[in-house]
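Beneath this line is the structure, given in structure tokens, with notes to follow.
When the chains are written out, they are named A, B and C in that same order, and each has its own residue count from 1.
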Amino acid sequence: MLAQFLQFLFSGVTVGATYALAALGFTLIYNASNVINFAQGEFIMLGGMLAVYFTQAGLPLPVALVLAILIPAIVGILVEKLAIEPVKGAETVTLIIITIGTSLVLRGLVQVWLGKGTHSLPAFSGDEPIQILGATLLPQSLWVLGVTALVVVALWYFFNRTLQGKAMLATSFNRVAAELVGINTSWVLFMSFAMSAALGALGGILVTPITLTSYDVGIMLGLKGFVAAVVGGLGNGLGAVLGGLLVGILEAMGAGYISSSYKDAIPFVLILLILFFMPRGLFGGKSTDRV
Amino acid sequence: MALLDVKDLSIHFGGVKAVQNVSFSIDAGIVYAVIGPNGAGKTTLFNLITGVYTPTSGEIKLDGESIGGKSPNELATRGVARTFQNLQICMNMSAIENVMVGAHLRLDRNLFKAALRFPTLKRRDAELRIEAAELMAFVGLGKYVEARADSMPYGALKRLEIARALAMKPRLIFLDEPAAGLNPKETIEVDHLVRKVADSGVTVVLVEHDMKMVMNLSDRILVLDYGKKLAEGTGEEVRKNPDVIAAYLGAHA
Amino acid sequence: MKKNAYFGLYIVMAILLVLPFVLPNSFYLDLAIRMAINAIIVLGLNLLIGFAGQISLGHAGFLGIGAYASAVLPTHFGWHPLLAMVAGAVVTGLLAGLVARPIFKLKGHYLAMATLGLGIIINIALRNEAAWTGGPDGMPVPAMGLFGFELTSDKYWYWVIALLLSVSVWASLNLIDSPFGRALRALHGSEVASQVVGVDVVRYKVAIFVLSAVFASLMGSVTAHYVGFVTPNLADFFHSIELVTMVVIGGMASVYGSLVGAVLLTALPQALATFEGWETVAFGAILMVCMIFMPKGLVPTLAAKFGKGD
């Protein structure tokens, strides 16, 4: 009983950490520009796929990983410059459609370039599962959780203790005011895309040894990451992390105890419920502008 | 009984008391102006009465019926119309369609009849188009009848909003700074237009900064300062009121 | 309404009349039928996206409900196909209304998320409930019949759908230039203004959402009977995006734009049939380029260039 519960908990928290990183990505961009970046999932996919590509090309793992984070970050900046900046101030519908288009382009290009196959990465510190109270925990899961925790702490430090971070926060609260005090909001915008892409890519890399990767993992991961961001409260960083973990756990529990074939539906049922009953999310994101 | 009766109306936004215990009443058929320095709460007052904001406390009665907290579209059904200081024009539609939208509540809005082009609906629509053209002529926009809203100059759009409001055949019309952003010639034209509107029987409530216009047009004036009622009366009375003078000219007066 | 507003409709009808005699073979006839079906769906979706300024990223889900209602109800429960189609539309309408009401009180991207979620849930359900739906492989659909006459030949389908398309265009044109239609467009132009003249904003948004969902469901049923087979792919996310792309490229808030968008993007997958990945890239690129350079879409942009836009 306990063993089963723990098993679901472990797998839920592991994938939840990926959702958390994705949700943080969404939150960063939303705070900087009010854009919901539907292409976020593709950054996650790029991280995993590029890591696979570079390791298979013979590069040592650490180098491959760095590239697999750097390149998506650059792609993120390109997306911001080419797709978002030209239409600054456009209607919500327009922006949503543009980012959806971006995700299609990225996914399609990877499909053409790297094919439709599924790939894996070697686990960072071996596959020997760890036994805890009857449940097994993969070492890779510890990597996922550990690195995510480090990232969250680093981001907290960045936003609360460094000048650049505070500048980004200020922009998210009031763009005009930020510009008036001399903050370069264009810089903030493209930094947020770069960071968001890097976060997503990192999440993708970490989880590939466990859940594998392919050209189309981005869709679900990205959407579930967005669900996590909304669950936690859109615009709220802590909410994004906790939302991610919650979605991951609920998904795993639901799949384990209720029905595994509806596993993918669970986050979307969750978001409908949240939007109906608690649209500001668990931690009260930005106000929802009642009509 | 007064057409509009406001008692002890207040609204607080967190710690900011934008409007405090304001009371006044407006009889049908007059032109009533609300003036005060910037930030006095004039537009907030408008927003309270036209349903954009819900009062924190106090009463608003239209013809005896309490309307505080009702939504703008509900107020429209009770004959309340308004224009906006910063223009709310549907740029995606033509000028005449903007005016026709004003008649929304007066028409059969059934979508099945519309899709199937019921003859009665079509006829009413054609009649409405003629009426809208007449309204545009009434406000001096006759030459823009075929124009798209996004091709019209600012001054014309201000008048278009008034035409739209009139298309509602309202009892009470709130004009929020109708002369704002207009040059002296256009301001005089708006002055004449407001007079025409009032003469046609609609009760007009006006927020305006242009004092000449206010004194010219208004039967009664309400002066607000820092959200509170400072004075109320005819133009003469208000002009001579020492508190009003102090508020406008500062304590040096 | 301007006298020439129906002019486009007459041209469309003329094309529809001539087409079967001009097309070389049944492959093209089938393509034309699919284009027409998509055109009707897109007309409904455009009312929501283009005219009312809202969004739906899960519209294929509504298609799926209609399609599977027409497959499951006659097959497993013996219902008459026409009744099944109506049932599908009713279920869709209720579902759409239920979801829309709370969501429309929130900001734009929440509706995007909610419709997305709904579409995905429907797709997963269709895939999973194999006992009813045949699962990922799909199931056959009984023929649509009326008073003993069964509709199976392509030629008959063509005329039925051509008629439906003509009626849909006619109804859409009427709707747009009516009090209801003006209220919708005003809603898009300035919600505040529309409220102030008495438009119950939430009610209208819900109404147009339900209407466009029901349109989709009915056309889902039609598709099911025409093709004779349904698979869950009909209701997947990419199909929802394809539909939105058709709206966007043809022209948001343009009736004829909807037709152009449907024609172009029904043909595109055929052209790129062997280049699956490129098809995805192409759709994505079209969406981006369109929204950045031609946000109004092909037909309105061209119309503005060549004449007075109306």
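The rule is short, and it goes like this: a residue touches a chain if its C-beta (ideal position, glycine included) is under 8 Å from a C-beta of that chain, and two chains touch if they have at least 3 such contacts.
Bear in mind the structure is a predicted one, so any value in this text is a computation, not a measurement.
For this structure, the chains sharing the highest number of C-beta contacts are A-C.
With every chain reduced to the mean of its CA atoms, the largest distance from subunit B is reached by A. The innermost chain, defined by the distance from its C-alpha mean to the mean of all protein C-alpha atoms, is C.
Subunit B and subunit C have CA centres that are 41 Å apart. Remark: subunit A and subunit B have CA centroids separated by 49 Å (rounded to whole angstrom).
Centre-to-centre separation of subunit A and subunit C, using mean CA positions: 32 Å.
Counting partners per residue, subunit C has 201 as the residues that reach two or more other chains.
Touching subunit C in their complex are the following residues of subunit A: 36, 83, 86-87, 90-94, 96-98, 100-109, 111-112, 215, 219, 223, 226-227, 230, 261-262, 264-265, 268-269, 271-272, 275-276, 279, 288-291.
Residues of subunit C touching subunit B in their complex: 1, 170-172, 174-175, 177-183, 185-186, 188-190, 192-201, 207, 211, 253, 309-310. Within the complex formed with subunit C, the residues of subunit B that make contact are 50, 71-73, 76-77, 81-82, 84, 88-94, 97-98, 100-105, 107-111, 114-117, 121-122, 125, 148, 164, 167-168.
Within the complex, the subunit C residues that touch subunit A are 49, 53-55, 57, 99, 102-110, 112-114, 116-118, 120-121, 124-125, 128, 191, 201-202, 237, 241, 244, 248, 275-288, 291-292, 295.
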